[in-house]
Amino acid sequence: MSRLKTLVRNEAGTPPLRGGHALCQGCGIPMVVRTIVDTIDTPVVVVSATGCLEVATTRFPTTAWNVPWLHVAFENAAAVVSGVEVAYRALAKRGGLPQDGPITFLVLAGDGGTYDIGLQALSGALERGHHFLFVCYDNEAYMNTGVQRSGATPFGANTTTSPAGVAALGKAQQRKDMTAIAVAHHIPYVAQAASSHWQDLSEKVERAAHADGPAFLNVLTNCPVGWGHEPRHAIEILNAGVDSCYWPLYEVVDGRYRLTYTPETIVPVEEWLRPQKRFAHLFTGEGAAVLREIQRHVDDEWEALAARCES
Amino acid sequence: MSRLKTLVRNEAGTPPLRGGHALCQGCGIPMVVRTIVDTIDTPVVVVSATGCLEVATTRFPTTAWNVPWLHVAFENAAAVVSGVEVAYRALAKRGGLPQDGPITFLVLAGDGGTYDIGLQALSGALERGHHFLFVCYDNEAYMNTGVQRSGATPFGANTTTSPAGVAALGKAQQRKDMTAIAVAHHIPYVAQAASSHWQDLSEKVERAAHADGPAFLNVLTNCPVGWGHEPRHAIEILNAGVDSCYWPLYEVVDGRYRLTYTPETIVPVEEWLRPQKRFAHLFTGEGAAVLREIQRHVDDEWEALAARCES
Amino acid sequence: MKEIRWHARAGQGAKTASQLYATARLHEGQSVQAFPEYGPERRGAPLRAYTRIDDKPIRRHDAIMHPDVVVVLEPSLLHEVDVTEGLAPDGIVLLNADTAPASLAGLDVRCVPAARIAGDSKFVNLVLVGALAAVLHDPVDAVADAAIELLGGKVAHDEIRTAVEKGYACLS
Amino acid sequence: MKEIRWHARAGQGAKTASQLYATARLHEGQSVQAFPEYGPERRGAPLRAYTRIDDKPIRRHDAIMHPDVVVVLEPSLLHEVDVTEGLAPDGIVLLNADTAPASLAGLDVRCVPAARIAGDSKFVNLVLVGALAAVLHDPVDAVADAAIELLGGKVAHDEIRTAVEKGYACLS
Amino acid sequence: MATEARILTGGQAVAEAMRQIDPDVVPMYPITPQTPIIQGFATFVAQGRAHGELVDVESEHSAMSAAIGAALAGARTITATSSQGLALMAEVVYIAASMRAPVVMAVGNRALSGPINIHCDHSDSMLVRDSGAIQLFAENAQEAYDLMLIAPRLAEHPDVLLPVLICQDGFTITHSAEPVVLLEDDVAREFVGEYRIPNSLLDVRYPTTQGPFAMPDYYFELRHQQLAAMQAALPVFEQMASEFYALSGRRYHSVEPYALDGADHAIVCLGSTGGTVKDVVDELRAEGEAVGLLELRSFRPLPRHDVRTALDSIRTVSVLDRADSPGGAPPLFAELAAALHGTEVDLRSFVYGLGGRDLHPEQIRAVFTEDSGAYIGLRGAPCPA
Amino acid sequence: MATEARILTGGQAVAEAMRQIDPDVVPMYPITPQTPIIQGFATFVAQGRAHGELVDVESEHSAMSAAIGAALAGARTITATSSQGLALMAEVVYIAASMRAPVVMAVGNRALSGPINIHCDHSDSMLVRDSGAIQLFAENAQEAYDLMLIAPRLAEHPDVLLPVLICQDGFTITHSAEPVVLLEDDVAREFVGEYRIPNSLLDVRYPTTQGPFAMPDYYFELRHQQLAAMQAALPVFEQMASEFYALSGRRYHSVEPYALDGADHAIVCLGSTGGTVKDVVDELRAEGEAVGLLELRSFRPLPRHDVRTALDSIRTVSVLDRADSPGGAPPLFAELAAALHGTEVDLRSFVYGLGGRDLHPEQIRAVFTEDSGAYIGLRGAPCPA
Amino acid sequence: MPELTAWRELPLGGVVRPGDTAPPHTGGWRTGLKPVVRLESCVNCLLCWLYCPDSAVQLDGTTFVGFDYDVCKGCELCAVVCPVDAIAMVEDDGD
Amino acid sequence: MPELTAWRELPLGGVVRPGDTAPPHTGGWRTGLKPVVRLESCVNCLLCWLYCPDSAVQLDGTTFVGFDYDVCKGCELCAVVCPVDAIAMVEDDGD
C-alpha cells in the first residue's frame, strides 16, 4: 500500500485535526500535524505549546482535536510531556492505565516555543531521556502574536520587531541552528524536514516514533501571513528553500548524519527569498550586500553539513 | 614574561576575589575565577549566577569582590549580562560612560546555572551575539544547595537527588554535552578546560576574550564536598579526568575543532572515578557493569571528538 | 452619540475604516473612539470594528451593543453572522451590495455597490466610509482629508479622494 | 526548660549531638527541639546548633538567646567567636579541653578532654553528649541508647556506648 | 507646547512616548496585547526616529533580567509586557525593585491563564502587587501617554529608584483609537531629562558589588528601604505630575475623586472602567442621586491616607475589582478594607470584567442602585460567599 | 495505629509522609530549605522503600509543568519548592488550579529575593495567593506531616480538584528536629486511598482537549468554578481532618482558636509563630490578661466566616504578617480587614520576621501590651506609614 | 456553538470533548473562489487530501469524492498540489 | 563586620563596595594544619599563589613572601601544587 494510503487508513475518517478551525486560509501547519499523526501507528497524545495552532483550534467550548490534546503554556510543552510520559510509565508499572498498549507522546510547538522560550524545558527533557517526539513547526517567527522575530527568523527578514527601514535591514542575526542544538544533545533521532516534502517528512516521523528515546523534528512550515505570500505559492517557496540548501533535509540517527534529499541542481537562495514579502526590502537599495551575505552563509552551512554527511 | 607573571602583574596586588570569603576549604572555584580575570587585559565586569561562588563571597555587608560584580538570580546571568553589554554599547555611542575604553563582560555560573536553569537565557544571548565571555565552572552538580544532580552530573554519580541504593545506581542518564550545545550555536569561540590545567585555561581565556562575539568556556572544577575527596587530591583527580579523556581539553574556533591537549597515555576512567566518594558505590556489587558502560561511553565520545578534530 | 459597527473579513480594512471615520470627525471637533474586536480567528475570518462619535468627550470604554449604523463591507457575511444584532431601533444598515437581500427586509438598508465602484482599487472600505458620511450628513471633504492623512503615505491622494467621493455620491 | 547551644565547625557533629541529646530526653518522656543555624559559610566554618528540653510540650519556635549550657566541641573556636554570648546568668560552659582558658574566668566552665578521650574514633561529639548528661544529671544509658539508635546503623554499638560513657564518667 | 490631537491607540500612544523618551535600552518580547508598543518602538528605531538598542530576548524572564542589567549599568531602560509575560518575569520584578533598578515597563493588562485568554483584566498586575514596583493605571490612551512620560522621572528620582509599571487595559485601551495630544518632541525630551543612578556598575574605577546575599541580620532592613521608597513615591509623583501639568495642562493625582463632594455612594476602581463610571455618575447626579467615583491612578503605592480622607465620610463605597483571589478577598477590595478600617463606611465588593467580560453602564448603575450581584455579568448565580 | 514519636525535622517528616503516600510521579528541583524533602524522598526510592518516578527537571517552572502533565494524565503527583522556585513557577501554579490538577506541593517558606536570603518568611506563599491553589500552614513538624497526608485527599476530592500547598516555615520547621508520631504505613496508605480524576488524558478512546482558549464569553465562568472549588474545600477539609482525627487523635480545623474565649486582645498569625504565641498567651493568661490567638491553618481558602465568628466580639485583633507589600497593606492584614469589615474590632497590623528575623516571646508580649512598633524587630524607626 | 451557559453547567476545568460542539462553518471565509474537481481526471493520489489545511477533502474509504464546502476556506492549495490539474478554482456561488 | 545598623544607614539597594568592611578572618577554619614555606627551596613559580582558593599567598611584587594566616583555611593545595615541595603543612598553633 502506498504511504499516503497508509496515512488515510490510519486516519480512518477521523482527522486528528478536523476542519472548521480558525487557522488562516492556506496555513501550512495542519498538513504537518496530519502527516505526523497519521503516520504514527499507535494512539497519540498531543501536547501543544501556545501559538497559532493552539489558539486557533481550541476556542472553548469547541475543539478541532480528535486525539487527546493538552496545552498548559507557551514555554513548557516539553516539561508537560515529560510529566505525561512519566505518568504513563508509572501507571503502566502498577496497572493503572485506562487501556493497555503503547502510546506515542507528541509535542507540537512553533519555533518560538522551541528555539526560544521553550528551549530550556526541551533541553531538560532531552537530557532526561523521555520517550517522546518533539516536533517544531518552524514558520520562522512568532506568528500568533503578529509576526515578531524569533531565534528561528532568518537573517535579514522583516518582522514587526526586526522591521526593515532606513536604519535597519531586518533581523541582524543569523538564525539559531536548532537542529544542531538538538543533535548536540546526543539523542537517538534528530531530523530536519519541510512541509513541501511530505513523504520525506512521513518517513522521518516513522523513524522518529520508533527511536529508543527522545526524537526531535524541525519542520519548515510556511505561513502566508508572516512570510507574505499567497497560499498557492507555498509549495514552490518551500521547494526553493530546500533546493537552495537554505533548508537541507537530513537526519541524524545516533549521531550519524544523512542527507535524505539532495537537490538535483542547487538553486540560488534568491529563489527562496524573492517570493516572500518579508524579504522584499532586500531587493532594493542596500539589500544586494545582504543577499550576497545570505548566499555565502547558506553555501558555508551547506558545505559543512555535506562534509558531516559524507564522513 | 611568563604567563603566570603576567597574571600577577594584571592582578597588581588586588585579587579580583580576595581571601576571607566563605567558600569551602579547598574549593576549586576561586582559582578559576582568578586565572580568568587575571588573564584578561581590560577591566572586567562580572555577572554571577546564584550558586556557591555567589552566596559565599557576598554576605552583606561584606564583599570579596574587587571588580564590579552583579548578581540578579540563578537562571538569568546571560540575560543580565546582555543588558549590561548593550547598555555599555548604548552609552559608548552617546558618550555616557563613566570612563572610556573596552570592558570585558564576564559571566561566572555553575553547571546548574548553565546546563539547566540558565540554558535558555544563555542560548538567547548567544543567538543575539552579545560580546561577552560566559564561563561555566562545572563542578557537576548543584553544590550550593547540597549536591543535587544537574544536567552536568555524570552517569552513575551518587548525589542527593540521584542517590545510590539497592534500587538505584546513581544518576541514570549521561551528562548533557553543554560544550557541544554551545558549539551548535555557531559562536566564534567555545572551549573546554579544567582547573588542573591552568595554562591551557589561561590561553583559552585570552582567545575567548578577543573573540568577535560571544565566547563560552566550560571549566571542570573540583568540589571536595560534592565529589567526596580531600582538597589535596584535587589536582590528581582532575588530571585523571583529563587523561582518561573523560574531559578532553579542546577548543572550537569559528567551528573548527582543535585538541589543546592530548594525553600521553590515556588512563582508564577508573582513575578518575575511584578517588571520588560519589562513585564509591560503583566499586561494589553491580557497579562493575556501570563502570564498563562509563568506559565505553568515554571511549566513544573521545573517538568522535578526535575525528572532529582531525577533519 | 453615534455608534457604528463595521463588519468585514480580517484584512478588508474595517479597522482602518473605523479609525478613518473617527479621524474625520475628530477634525470636525467631535470626540471619537474606534476599536476592533479580537479573537483567535485568523485571516479570512469575520471581524467587527466599532466607531463611537460624540459631541461631549467620550469617556466610556464599554463595548458597543446597540449601534446606530452597521456597515457591512463584505456581503457574503450576511450568510454567516447576524449583522443586525442589537441594531438600535431606527438603526441603519449600510451594505456593500446592489440591492438589499430579503433577509434584511423591514430594516432601513442603504446599498452601495462599493466593490464595483472601487473596482480594482480595493478601496471598498473608502467607498463605504464616503457613503457613511452621506448617511450621517457629514462633509465629505473631512472624510477624504482624513483618509489621505491616514493612507496618503502609501497611496495616491486623488485615488483616495475619488473613492471616498464616489461612495458619498451614492447616498447623498 | 533547658536550652543548650553547641559550638563546632561544620562537619564536627554538632547537629548530630544536638539531635541525639534531644532523642535521649524524648525517650525519657520530655519534650524536645533541636536545630542548627544556617548561613552561607561552608565546610570548616564555625557553626552553632541548639537543643531545647522541657517537661511541657515545646511549642515556641524562636531562637535560643540565653542558653543554660554551651557545649564547645572545638576549642579553637574560642579565638573566633564569643561562645559565652547570651549565656544565662548561672549558665555552664562545657568545653572540649584539659583546662579552662583564662578568657572564660569567672564562669562555670566544665572541661572534658574529649578529643583525647575519643582518640581516633572522631566521637568528640559523643563524649561531650555523655558529659552533658552528667552535667544535667541525666541517666547515661538513655543517652547511649539514643546515640546507638541514631548512629548504630553505621558504627559499632559498643564504640558508641563507650564514648558516651567515658564522657559521662568525666563529670559525674 | 502641545501638538494637535491625533487618533492613536493606547499602544501607539505609549510607543510615541517611548520615541520621545528615546531610552538607551529596550529589551522586548512579544505578547498580546502589549505587542503594538514594542513593535511601534522597533519601527521608530528602524526609521531612525529613535535610537535605543533593542534587545530581542527569548522570554520575559530575560526581558526583565536584561532590563535590570542595563538599568544598573547606567542606561535608561524601558520594556513592556502583559499577562503570562508578567507572570513569567514576576520573580525578577521583585529583584528589580530590591536592587533599585528604575526600569519603566508598559503593561497592557490581560487576564492570566488559565484558561488562556488575551483580553483585559487586572490579575497580572495584581500578581506583582507585593513586588515593590510602582503601578500607575491609565484610564485612556491620553493618560497612558502622559503617565509614560512621567514614569522615568518617577522611577529615577533619587528618593524612589523603583521600577514603574504604566498599566493600561488590554485591547480596551491598547487597541482602542482615541484622540491623543502629544507634547512636542523636544519638550517631552527635556521634561524627561537625563538618566542618573547612584551606582553605575560600569564604573570600573569604583567597583560595586550589587545583589549580595543577606542573612536574617540585614534582610528586614534592606527590604524596609523599599517601603520607604514607596512612601516617597507619593509626593514625588505629585510633584512630577504638577510639572507635567505646567507643560500639558493635564493634571494627575495619585487618587482622583470625581463628584465625590456630598456623595453617599462611591465607586472605587482602576483603569478604563473609570471613564464609563464617570458617565454613569453624571447621569445619576442629573437624576439627583448623590453618587461619585474615586479613581486610583496609583495602585502601588496605594495612597492610603488620601483614600481614607476622600472616602471616610461616605456611606457606601463599592469597590470594583477586575481580578479575584479564589478563596480570599479580591485584591482591591482587601486594600480598601485595610485603608478604611475603623471608619463607618459600608464597603462592598464587586468583581467584574474577568477575561475581558464587558461592563455596561447599566451594570454600573445597578451597583449604585444596589441592584447588582457581587460578580457583575457572571452567567449563573455566583457561588455563595 | 500510630508509631512511637521520633525526632524528625519538618522536612524529614514530610518526606516520610511522601514515602507513605508513595505518589506515582515526583518532579523535583532543589532549593533551600525544601531540599531535604525531595532528597528524603529520593533516598526512599533508591532504597526501594518508595516507588514513585522521579523527574529531575531543570527548573521549577518545569517542575510544576511536569506535575500538571502527570496529574492530568492520571498519576498522583507531588512536588516541593521554596521562594524563588515558587516565584519561577507562579505562572504555572495558576494554570494548575484552572486545569484542576490536584498536585500536592510541600513548601518550605522562604523570603523572596532580593536581597537573596534563604530564611523564612511568607512572601513566597503570598505571591501565589490569587492563584487558586489551596494553602495550609503547619505550626510544627508533626502538623507538616499530618497535613501532608491530608493533602492528597483534599486536592483530589471531586468537589475540590485544586493544587494543595502544605506550607512550613523554612528552617524553623523544615530543619528543626522535633518529636513526630507517624501513622503506620498501611494506615496512612489506606487513609490516602487511590488517585482518581474525572478526565484522564491517557484515555485515548475518549479523547479530551485540555487547556483550551477561552474568549470573554467564557473565561469569567470558568474562573468562577475555581472560586466554587475553593468554597467547597472548607467543608471537605473539615471532613478529611475529622477522618484523620479518628486515626491519629490529632484534630485540625481551618481556623484554630487558642484561648479566645473572653479574650479582648487576639493575635492572628500563620505558621510556626503560632506556637510561640501560645506560650505567651499562657503566660499572660496566668497573669490575668485576657489574650488569645487565632491561628489560620488554612490561608487559602481563607475561612472568612469562621474568622469573623471567632473574632468579631474581640476588642483588639493584632495581625502578624510575615510578609509585606511595599506601598500596600500587608497581605494577611488586608485579608483580615476584609473579613472583619463592618465589625467594631480594632484591627492592628504588625510585620515581623522578614528574611528569617527571629520573633521572641518578649516581642509578642509587647504586641499584646501595646508596646510594639508595627515592624517588629526592625532596626531603626520604621518609615512613617 | 451552543447557548452561552452558566458557570455551573460548564465542564470542569474547561475540558472539551470532540463532538461536544459542532465545528464552526469556516466555509464562509472563502473570498470568491472555491475548488471543484473533474473527477474523471482525478488519479486519486490523495495529495489534495493531505495538503488541505482544513480537512475539507472528503474521501470514501481511500477514494477522493469531493469537498466539504462547510469548512473549505478556498486557499487553492489542493489545486496547486494536484499532479493532474483535476482541481479548478471557480467563482464561489456562496453555497 | 561593623555594628548592625538601622535601615536608613544601609547603602541603597544593598550595594557594597570592597573595603567597606574588613574581610572575615577565615583563618580560624583551619583544622589542625597550616602551610609553611622553606623560602630557600622556593623557585617562585607562583603556582601556589594561583591555586590558593583563599588568596592567602602573599607576594611582594611578583615574589612569593609568605602566607596570610588570617584567611588561609589550611587546605593544603599550595603544598600539593608546589613543584619543589617548598611548602609543608605543620601543626597549627592557632595563631
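Here the chain labels run A, B, C, D, E, F, G and H in written order, and each chain numbers its own residues starting at 1.
Here is the rule we go by: a contact is a pair of C-beta atoms (placed from the backbone, for glycine too) under 8 Å apart; a residue touches a chain by one contact, two chains touch by 3 or more.
In this text, all values refer to a predicted model and were calculated from it rather than measured experimentally.
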| item | value |
| --- | --- |
| Neighbouring chains common to subunit E and subunit H, by label | B, D, F |
| Chain pair with the higher count of C-beta pairs in contact (E-G, B-H) | B-H |
| Furthest chain, CA centroid comparison against subunit G | D |
| Between subunit B and subunit C, centroid-to-centroid distance (C-alpha), Å | 63 |
| Separation of mean Cα positions, subunit H and subunit F [Å, integer] | 45 |
| Distance from subunit D to subunit C - Cα centre to Cα centre, in angstrom | 86 |
| Multi-chain contact sites of subunit D, meaning residues that touch two or more partners | 39-40, 44-45 |
| Contacts with two or more other chains, residues of subunit H listed in rising order | 4-8, 10, 14, 16-18, 25-26, 29-31, 73 |
| Residues of subunit E touching at least two other chains | 32, 56, 58-59, 61, 84, 88, 91, 95, 98-99, 113-116, 119, 207-215, 218, 220-222, 224, 228, 358, 378-380 |
| Touching chain combinations (by label order) | A-B, A-C, A-E, A-F, A-G, B-D, B-E, B-F, B-H, C-E, C-F, C-G, D-E, D-F, D-H, E-F, E-G, E-H, F-G, F-H |
| Interface residues, subunit F side, partner subunit D - complex | 5, 7, 32-33, 118-119, 139-140, 169, 171-173, 175-179, 272-276, 278-279, 358-361 |
| Residues of subunit H touching subunit F in the complex | 4-9, 14 |
| Subunit G to subunit A touching residues, read off their complex | 1-2, 10-11, 14, 16-18, 20-26, 29-31, 45-47, 49-56, 59, 62, 68, 70-77, 79-81 |
| Subunit D residues within the subunit H interface of the complex | 9, 44-46, 76-77, 79-80 |
| Interfacial residue positions of subunit A with respect to subunit B in the complex | 115-117, 119-120, 123-124, 127-129, 151, 173-174, 176-177, 180-181, 183-186, 255, 304, 307, 311 |
